[in-house]
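One chain, chain A, appears in both complexes that follow, with chain B as partner in the first and chain C in the second.
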Partner chain A sequence: MSTAARQTDPWYPVWAERPSFDLASGKYLKIWQGPQHPGVSGNMALELTVEGDIVRDCRAHVGYLHRGFEKLMERRKYMNCFPIVCRICVPEPDFNEHLFASAVEELAGIEIPERAKWIRTLTLELARIAFLTMGLGGQAGSFGLGTVGQWCIVHRDYVLDLFEELTGHRIYHMYIIPGGLRHDLTPGFAERTEAVLRKIEKLMDEVQKVLFDNAVIMSRTDGLGVIPRPWVDPYGIAGTNARAAGSSRDVRSDSPYLVYDDLDFAPIVGERSDAYGRSLLRKREILMSAGLIRRILSRIPDGPVRVKLPNPLHWKVPAGETFVRAESGRGEMGYFMVSDGTGFPRRVHVRGPSYTHAMALFEELVRGVSIADVAGLMASLQICPPEIER
Partner chain B sequence: MNLRNLISPFYAWKRALEKPFTIRKPLVEREGPPLYRGFHTNDIELCIGCGSCEEICQNAAIDLRRVDGIEPKQGDSGLRPSIDYGRCCWCALCVDICPTASLGMSNRYNWISDDGEDWVFTPGVDDGGWNGDELGYRRAEGSWLLDPEAREMPVTGPDERRRTFDEYAGGYGPADAAAEATRCLECGLCVEACPTHMDVPGYIGAIREGDLDEGLRILYETNPFSESCGRVCTARCQDACALSQLGRPIMIRWLKRYITDSTLERRAAVIGDGSAVRPTGRSVAVVGAGPSGLTAAFYLSRFGHRVTVFERAEKAGGMLRAGIPDYRLPAGVLEREIAAIAGPLVELRCGVDVGRDVTVKALREEYDAVYLSVGAQEGSSMPIPGMDTPGVHIGVDLLARLALGERPDLGGEVAVIGGGNTAMDVCRSAVRLGSKRVRVLYRRTEAEMPAAVEEIEEAREEGVEFEFLTSPVGIAASRGRLVVTCQRMELGEPDASGRRRPVPVEGSEYDVSVDSCVMAVGQQVEGGFATAAGVKVTRWNTFEVDGDTLATDERGIWAGGDCQTGPDDAIKAVAAGKKAAWYINDYLGGRS
Partner chain C sequence: MNETILTLEQRFGARLEAHRRDSLVFVSVPADRAAQAVAWLRDRGGFTHLVMISCVDWIERGTFRLLYLLSSPQERRDIGVYVDIPRDAPSMESIHHLWAGAKVYQRELREMFGIDFPGSPGVNDPMILEGWHDIPPMRRDFDTLAYAERTYYPREGRSTRDPAADTAERVYPTDEELRRGIADLARRTYPGGSKDGES
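On to the complex of A and B.
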């Protein structure tokens, strides 16, 4: 079945008719991109079969980054899991912290204070900005435009400065804790956040000129990795990848958590579903997050940020199971948690958006792409191997 | 695509004129923000080495180790946390849980050493240069992971309890007990503080698990008087409790009481009467059926030795029966505990006065070993004129009469001399006997009173008046009443006990007119009865023993409890009985 046929029947996956290539013929060559490769956004490997410089087939391999967090949690008390979940995904630790905390809170029947909800939303939006900004830089870098990459990394660091001030660390924040937050906003945090948001907005103007209005980028990203709208459901595509394809899927508006119900916003739906369109949508989402943060900062109510929990050494969470989800920078992220009524979680499963993007979708999209654009395609899908592996 | 798209990238040159984001030289050490979770700090004088940090550390980065210059003492393990920075994940849960708030984190994140051993770091002892830093992570208010509040016990109000000798403390219900048990850190400082080293975290854990039978079994491993101790113990464990540093200690005594009170009808089945033990054929005589003697009898009989307990009084129980009023320790409690101690290998002979009816020497010949635990039952009087005036009572004698069910009339006004727990028992009993005005006269101040703080508080609630820095110098009868002549005192230099010595103030005598006067100024040991058997006594008439084994110089005779230490509390007597049982068992060649 041709690609065109598959577009009409998206439930027919690529591996159903994976062609075989006669490597002995000399016409095809097998190239490994990864597991250590600057063009791969983490430790995973792409096994490419190329004809000339055109990729004919790809198998994505993961397993190089397995740290066993889910299993580790089964032998740790609930409060002891809290420091390790942020390490599941380096670029966006806060979503792991929030999802773990909210799953525990749901099972234990804990209602966190209103102020804690607002500040949690604030940190999640800041985390989205940090991740998406870095992602834009990665996208530019993957096409050889290192200048924009450096600008973006530096601006992400400005956000990390805010995190460092607020939470005590730059990357592994360990700030959102079951029961609320570890402590309140620091004095003057709102003003410093505003200053950083202005810097980010100025950066986005420049990125528009240097990246999006750039003839080279325009031509290289045009038509690269087009995701047809009908693929969104069968491939489990989420986040900016889905919205660029014309879907309005966004957990923040589909099933609002924390205070998103009060924020009155609509998800941005893109018009172009290639690498260019996805990057442009991300730029717009960064600006949207900046707007949301301003709205949050102006409306955070007073009050406590934490409820008292029982002694963490003997805390038992009632038996039950739950699935909680949130819209991370890469898309829908979920935690499935089962409690058997003891002091240890029976099972914690982390469902990140990258697995489907990196395996099924990427293998499909990379066919027919030139080797030079593989890294750009991968960056445009915002694949994060640490979160695939856990 | 148009010309603009070709020119647009050159916009990047605009940034070339700006100040660079990052610079390589000069290298500036950037300080961490105020809340930064950097290297740990620890105030080792404040730290008590409870190990909560070690317990909460998810990565086993913390280990407790000995530190030069820090000695273990009650409520302090003498250990201090050291952190393996190869494992630490900088989560600061150790700071959030620390019961003394001694742990913190500096805002320093940069430390270079070429010695791998340096990575195991004892904050506060090893110096990385950040000890005493002001900045860095400290837990915010409300972030303490532990609960400083204890669950309250239902207590009858003072007005109501003035009228009756009924027990006034109600005991925990299941919910309160479980909540209180959840506060526990399982640090074990209480085990060390307890004279008989009860496995407190063990039985508190049993409450949390809802397995009260297991809790009861753990209690009886170290203390067959747990039901009494659950009511009247001096609870050194609570003084040592790590949570008492910043909050209220775990109410260990009430939790113990909860276990015993909730398992009354199952006690016999859980403890057993020792009939399953194979008898060793050895026999032991225990002199005195107080907490110490009965504890020794319990464990010795469970080792398989035949035990005969001799008691001078009509009923067993010793000072637990004669010295503690019913409102604190109802008589039924003691009956149940003595019943649980009984078994086929235990014989209780009441009404036998060893020394008069049978000699220690004869016991030593008849039995393989003898344990002397006669207590300190003789109430002291004061060397002042008028002690034999009618209406002057000795505290312990009065309490013994109350224990027998007598309810003497002390008159409307009573003076109680002394500041110990006996004085509190007497004054509160006097209130219950109907006296309208009860005064406690003590020669030092409240701070020096040996009585338990809550006893003093509750006595006050019941209307008892306290007069400090005063001491009687004479008592005389006057028109059916007593005139107690008192002299004012002031505090001088500290004495051997560390308390400041009371010094009389010349010419400050004044009279107090009362209906009766009770002397609660201490108790004495009558140790003379055993000297004929070769047991040595000290100048206070207490038995001389080896401090480690409680063995007297006379082979085969042990002594312990108040008769060896001088008047002390029940749990120390239990501890002595248990210790003696183990050493006697060793001596008899038994297995433990």
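On to the complex of A and C.
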């Protein structure tokens, strides 16, 4: 079936199309990109079959980061899981903390205070900005524009400074706990956040000029890794990758959690579904998150940030199962949790957006791409290997 | 949602397991009709988004409980379809023809729980574990401690201390130490400490 037909039939079984290559013919060559390679976003390996410098086939290999988090959580009390869950995704730990906490809260029937909901939303949006800014830098770096990469890393660090002030930690915050937050905002936090947001908005103006108006970037990203709109469901595509493809799917507006119901906003839907369009959409989302943070800061109500919990060492969560989800910087992230009524979770399954993006989708998109653009394509899908392996 | 559950009950013998909230219910379906039920949910029920395939090991019941979590983007609802399969011969019909992304989940379940999905592309290829010869590690009867002791060697120069004795010895001062004062206690707790401490 032709590519056009594959793109019009959303449920076309592309998995059946995997061709075989005669390596002995000398026409094809097998090369590995990763697991240690600057062009791979994290520890994963790409087994590429190339013809000249065009990739004809790819197999993604994971397993270099497996730490068995889901298994470890089965042997730990609910509160003991928090140092684990934040490490599931290094650039965005807050979503894991929030989802684990909200799954426990739902099973245990705990309602968190209003102020805690607002501050949780604030931290999640700050985490989105930190991740998307770093991702934009990674995208620029993958095309050899390291300057933008360094600007973006510096500005992510400004956000990490805010996290350090708020939580005491830069990367793994362990700030969100069942029942609310560990502690309240620090005095003057809103003013310092505003100063960082201004810096990031200024950075986005510069990124527009240096990255998005750059003729080399425009020509290299044009048509790279186009995701057809009908592929969104069959491949389970989520987040900015799906919105750039024309889908309006955003967990924040589709199934509002925390206080997103009270924040009047609409998901940004892109017009271009290639690497350029996805990056541009992310830039717009950074600015949108900055606007949301300003609105949150102006409306945070007074009150407590935590409800009293039972003794965490003797806490038994009622039996049951639930699934909670949130919109992380990479897309839909979800936690499925089963409790059997004991003090330990029976099963925790983490659904990260990179899972399908990296394995099924990437293997499909990379065919026909030049070796030099593989890194750019991977960065444009914002793949985070730690959450694939959990 | 009620109509969907009613149809699942009538056509596929489904049973309502849990009603978590209006937008999330869990049903169980017999294993031989589960793939049909999931296909019906995708094509007729509007649940076009496969969120995940997961598994819970109920070792005391002798079953694996598979979960197909589907989402309807239009109606903004989720449905979890449970399928119980026997633990001693775990095999399930593959749904890789329904969702391109399903083969990855099935490959992982094959590796982590030992559940077979005949016909799923690359289902027997190792995904995360390389050269694994033990029982699948996510099963409840996999002993992580025994595996670690068998596989990894204790590092040279390390010793194991009893937590209670160690705490009593290091943290709480003895009566003699209290008489001699805090400086002596600091010297003993941090032997070879900084010059500032010794001065």
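The rule we apply is simple: the second predicted complex is superposed on the first by the 386 of 390 C-alpha atoms of A that agree within 3 Å, B and C clash if a C-alpha of one lies under 4 Å from a C-alpha of the other, contacts with A are read in each partner's own complex, and residues count from 1 in each chain.
The definition used in the following text is that a contact is a pair of C-beta atoms (placed from the backbone, for glycine too) under 8 Å apart; a residue touches a chain by one contact, two chains touch by 3 or more.
Here the structure is a predicted model, which is why all the values come from computation and not from measurement.
Partners chain B and chain C, brought together by superposition on chain A, clash. Of the two partner chains placed by superposition, only chain C is touched by A:320; chain B is not. When both complexes are overlaid on chain A, the residue A:336 reaches chain C alone and has no touch with chain B.
Once the two complexes are overlaid on the shared chain, A:81 sits against chain B while remaining clear of chain C. In the overlay built on the shared chain, the residue A:236 is in contact with chain C alone; chain B does not reach it.
Contacts of A:147 after superposition: chain B is touched, whereas chain C is not reached. Once the two complexes are overlaid on the shared chain, A:300 sits clear of chain B and of chain C alike.
In the three-chain superposition model, chain A touches chain B and chain C at no common residue. On chain B, the positions that touch chain A within their shared complex are 1, 4-6, 8-9, 11-12, 14-15, 21-22, 32-37, 52, 55-56, 58-59, 89-93, 96-97, 137, 139-140, 142-143, 145-147, 181-186, 208.
Of all the residues in chain C, the ones that touch chain A in their complex are 18, 20, 23-24, 26, 48-52, 54, 56-57, 67, 69, 73, 76, 78, 80, 96-101, 103-105, 121, 126-130, 137-138, 140, 142, 144. On the side of chain A, the complex with chain C involves touching residues 11, 13-15, 18, 62-63, 66, 68, 70-71, 74-75, 106, 233-236, 247, 249, 254-255, 320-323, 325, 332, 334, 336, 338, 346-347, 349, 351, 355-356, 359-361, 364, 389. Of all residues in chain A, those touching chain B in their complex are 76, 79-84, 87, 145, 147-148, 150-151, 154, 164-169, 172, 174, 182-184, 186, 206, 209-210, 213-216, 218-219, 304, 306, 308-314.
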